[in-house]
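In what comes next, chain A is part of two complexes: it sits with chain B in the first one and with chain C in the second one.
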Partner chain A sequence: MDVRSQISMVFHLDKCIGCHTCSIACKNIWTDRKGTEYMWWNNVETKPGTGYPTRWEDQEKYSGGWELKGGRLELRSTSKSKIVFNIFHNPHMPSMDDYYEPWTYDYGNLFNAPEGCDQPTAKPISLVNGKYLDIDAGPNWDDDLGGSRVYAANDPNLEGMNEEQRAQLAAVERLVMFYFPRICNHCLNPACVAACPSGAMYKRGEDGIVLVDQKRCRAWRACVAACPYKKVFYNWQTGKSEKCILCFPRLETGQAPACFHSCVGRIRYLGILLYDAERIEEIAKSSDENLIDAHRSIILDPYDPQVIEGARANGIHDSVIEAAQKSPVYLWVKLWKLALPPHIEFRTLPMLFYVPPMSPVMAQKDGDIISHTSDDLFHDIDQARLPMQYLARLFGAGHDGKVRYALRKQKAVRAYRRWLTVGDISEATVDRMLREADTTRDEVEAIYRLTSLCTFEDRFVIPPMYREEAIEMLQDPMEAKQSAGFGFMEGPSRGL
Partner chain B sequence: MMSNTYRRALLVAATVTLITASARAADEAATYFRQNCMSCHTIGGGRLVGPDLKDVTQRRDKGWLQKFVANPKSYLDGGDPYVAKLKEDARGAVMPNIAGIDEARALALLEMIERESKLPKSQFAGLNIGDQPFTPSDIANGRAIILGEKHLANGGPACVSCHSVDNISILGGGKLAPDLTKVFERMRGRKNLASWLQAPATPTMRPLFANQSMTNDEITQLVAYLETTARKPQQTGDTATLSFFFLGLGGCVLGFIGADTVWRKRLRGVRKPLIEEARRGDR
Partner chain C sequence: MTTFANYLDTVLFAVFPYVAMVLFLVGTIHRYRSESFTYSSLSSQLLENKQHFWAVVPFHYGIITVLTGHIVAFLIPRQFLLFNSKPLRLYILEVSALIFGITTLVSLLAIIARRFTDPRVRVVTTKADWFLYGMLLLQVFCGVYVAIFYRWGSAWFAASASPYLWSLLKLRPEIAVIAAMPFAVKLHIVNAWLVIAFFPFTRLVHILVVPNQYLFRKRQVVRWYRRPQMARS
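The block that comes next holds the complex of A and B.
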């Protein structure tokens, strides 16, 4: 057993209101520099929809992630032999149009326009070439556009549904959408790190944050192609790749990352997970239907004495183990089995998990009368507008068992609380639902508390990072002793 | 004090050394002559570019010859009437200063020429190719040698790797060295060309063929082919350039088609096709 610690995340999709505050917080801190305008390290997608970049989940086109080929894990995008043929041109790169051409507005015109009959306008200007631009795409162009024939209809997760099912999704009174915020998953088996020919990408030892070394990056952009979530971006100004750094400078000072901190719906949870690094390859090779169970099994119980001993042997500090024991992520993922990894079939073993969203019950329109197909307030999950098949493709590698389990448990939580607070559901019904959902009153109560009444400290259990000690390994803290001021770029010299 | 036997042994050894040394010197002079002089001179084979050297030591004083061979340039510049006549006989071609020559080597050469002159047929009499027309098989063999289809017996490289002749093969030959189509005319005939080929004397060719000279048969065949090309009415250079241009253009197009096939699965934009498809659906 090789125990390591990983900062992991849970996004509770049932709570997301799609306000994009997270995206803006991230943009303002990290990606408002030249060359990064088009990047959204955090973005919020409307699902069903094509996302950002357009249809990123379609690996037939983008060739991201891993493939299981004859018992071996292989990158789809590159290999030692493929790189020879693609050395001058990587054929799987998303183009600017697949992201979008970033723009600003000609605000100056509002003040400087000569007097005329019309109100002056601020025309959009491209941030790439500075010319006027007709905007026809953006990072959330299909925001709130459930049923769009261009975007929603082309969601790769709809694959395998027949025409009738697809038409249902777009029918009035059956229309459905939910929000899907995305950041880097800081995977256990990151394809971007494996693909980098310069060795510039690495997974930080102490907390598993995946980073790009800006000094070693040589602009091969193999990471951009290899990441199946398209969460590594190329900065055209500096000629280096950049990605979500999980706000590690904030984490190191005990603060939650900006997108977590600013989340209005409080959907985001962050905490330490201990895992067994020896088993990564074995787990990543599991068959599609076993992937989720296998992925959960790599996460270790932080109370197990053997695990604690292994963690200590690997130099994991007691305070980190303690943080792991308090981790909300451990509860969501391992104990309650409510949070699921996105597209685990890409086999990068993402460490960002999603609690799948509930959706309204289906309705029928008969003349002017709209009637719901279910009178039950807590309808059966199969009556939900969002087809189980769709969620299964997104969170279950095509198998709906785990998604069904998570939705059923969430429904049980609602029914239980309804019984407690409103009382229009019989105790017998609640007990049956709890039994069906494989849960208990205590667990349901705990889920309810962490969902609805969670404080900052409940949601973010950030371990102390001991940067001051870590720095001592690389730099001598006494180096600047007996010197004063900020130092000199060029030393002063006597005379004129 | 040295013993008698020992002294005798030393004497024998010295004699043997002396004899082998002089034999080696003669050998070296012959090799030097083969590599440097033979392309212009014969010994008893008649005039090439330069005069026949048979009995040259009887025509001129040996001391003068030695100095002339060691440094012909100074005599040519000096206005010596005999040298001026030689130049006229050679139709303006002058003897260059040969690399590695000095007075000692010149003397060795002259001695070697003297010895060879006394022989009924010197090894440097040159290759005598008659005036009869060549057989078609000679011409075909010559072409094969140039193309490298037939290997040179002593292992020299194929001509086509550096030279081009008469637009031989589709791509023509190499462009490093002169075109050989008219070399037969430039060299003024069979005899000169054949002698030159026996010991190619340019700085590039010399090291290539110094130790792997061509056989007489091969030279005859080459001369046969080169004579044919020189006499053939020439295709103008423009057609050759034009065909090369179109060949390049065709190759380029094929290259693009090949690259497009290899990378046919490359990303060709995702969002725009989606929109176009939706617009088509609207119509």
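The block that comes next holds the complex of A and C.
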């Protein structure tokens, strides 16, 4: 057993209101520099929808992630031998048009335009070449479905769904939707790291954050193609790849990452998971239907004396073990089995988990009257507006068992609370529901508390990291004040 | 006039090469140590993805093949001449070298056209890039010109240019053979030294950082701030 600690995350999709506060917080801190304008380390997608970059989930197009080839785990985008031939031109690299060309507006024209018959306008200007631009795509272009079914119809997750299921999506008000906020998953088996020809990408041993060494990055672009979530971006100005750093300077000083901290719906949870690094490859090779169980099994019980002993032997500090014991992520993922990894079939073993959303109940529209139909206690899971098949594609590698389990349990929590507060459900019914949802009153109460009444300290359990102390011993932090930090240590300009 | 030509030949073929080599060595090492952040070729594939393939890929295959030919003929001239002793082999070598040379020339023109016409790619093209493309274009054009009009270069290169290069390395430059060469060949040689001299100040440095360890390293990379005692049971 090789016990390591990983900062892991849970996003509770049932609470996400799609306000993009997280995206803005991240943008303002990290990606407002030249060359990074088009990057959204954190973005919120409307699902069903095509996402950012367009159709990122379609690995026929982007060849991201891993695949099993005759029992061996291989990168889809490049094998070790292919890397030689792909180094001049990466065949799977998205272009800026797959994201969008960033722009600002010619605000000066509003003040300086000569007198004329028309109102002056602020025309859009490209942030790449400074020329006027006709905008045909932008960040969140299909936000809230972009007012049409066109974008949603191109969602790769709809493939394999039958006409009836597609009709289910469009039954009332033309379409149902939910929000899907995304950051780097800081995977256990990151494809970007494995693809980097320079060895510039790495996973931090102490906390599992995946980073790009800016000095060693030589712009071979293999990481951008390899990441199936398209969360590594190429900075066209510096010629370096950049990605979500999980705000490690904030974590190291005990603060939650900016997107977590600013989350209005409080959907985000962050904590330590202990895992067995020896089993990563074995787990990543599991068959599609076993992937989620296998992924859960690599997460170790932080109370198990053997695990604690193994953690100590690996230099994991007691305070980190303690944080792992208090971790909200452990509860969501391992104990309650409510949070599921996104697209685990990409086999990177993401360490960001999602609690699947409950969608409105399916209803029949008869003239102007909308009527519900229900008998079964869990009827709204299969009759929900979002077809189970769709959620299974996103969170269950195509298999609905784990998603159904998570939704049933959430449903039981709601019924339990309704019995307590409204009282129009009988105790017997609630107990039956709890039993059928494989849960207990205690567990449901705990889920309710962590869902609805969670404080800042409940959501973010950040251990002291000690990195900052070690760095301080080497260098006076005041020395770098106003010279480094948010700027370049070394200029990016090239040539004579 | 002849003395001036002799003087010029000495400067261009016996002095300038040493200046170029010193610039190359000092420049590459110094830049690696002081500015390793920019030690790469600034890829523009993100900004323009389609022409990129048709321009960049044939160019690299072409230039690598042609350059390898030059280097092999320089390193083992005798074996090279022996190989060419049968006419058929010489024809095959000469024709394939010409094909790769023309591929390089055409794709280099495509690269320059892409840089010039795509508004996004133009933004990331520096003055040093334009200068480099000028030098490369001249070099490849001269090379193809020589290959066409002064045939059997694969034979006479080994007999003339190779001894010249070796004499430079032995610090006893012998330029008599080179001085008698036609203008196009001379231009090709001088420009080659020019490219070498400017090598450290251009995007060419990416040649020195090709990822040679990738084929042998483990897939995943983990960095520890403090490497823990791996006392495992």
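Definition applied: the second predicted complex is superposed on the first by the 451 of 496 C-alpha atoms of A that agree within 3 Å, B and C clash if a C-alpha of one lies under 4 Å from a C-alpha of the other, contacts with A are read in each partner's own complex, and residues count from 1 in each chain.
What we mean here is this: a residue touches a chain if its C-beta (ideal position, glycine included) is under 8 Å from a C-beta of that chain, and two chains touch if they have at least 3 such contacts.
Everything numeric here is computed off the predicted structure, so don't read it as measured data.
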In the overlay, answer first, second, both or neither for which of chain B and chain C A:150 touches.
first
Touching A:221, do we find chain B (first), chain C (second), both, or neither?
second
For A:115 in the superposed arrangement: first (chain B), second (chain C), both or neither?
neither
Output check: A:164 vs chain B and chain C. Expected answer is one of first, second, both, neither. What do you get?
neither
Regarding the shared-chain residue A:134, is it in contact with chain B (first), chain C (second), both, or neither?
neither
Is A:61 in contact with chain B, with chain C, with both, or with neither (first, second, both, neither)?
first
Partner chain(s) touched by A:92 [first = chain B, second = chain C, both, neither]:
first
So which one touches more of the residues on chain A, chain B or chain C?
C
In the superposed view, which residues of chain A touch chain B and also chain C?
89, 91, 93-95, 97
Residue positions on chain A within touch of chain B in the complex are 50, 53-55, 58, 61-62, 85-86, 89, 91-95, 97-98, 136-137, 149-151, 154
Touching residues (chain side chain A, partner chain C) in the complex:
1-2, 80-81, 83-84, 87-91, 93-97, 101, 126, 128-131, 189-190, 193-194, 196-199, 201-206, 214-215, 217-221, 224, 234, 236-239, 280, 310, 313-316, 467, 470, 488-496
Note which residues of chain C are touching chain A in the complex, please.
35-50, 52-53, 56-57, 60, 119-120, 122-124, 126-129, 131, 201-203, 206, 209-211, 213-215, 217, 219-233
Quick one: in the complex, what on chain B touches chain A?
262-263, 265-267, 269-272, 274-275, 278, 281
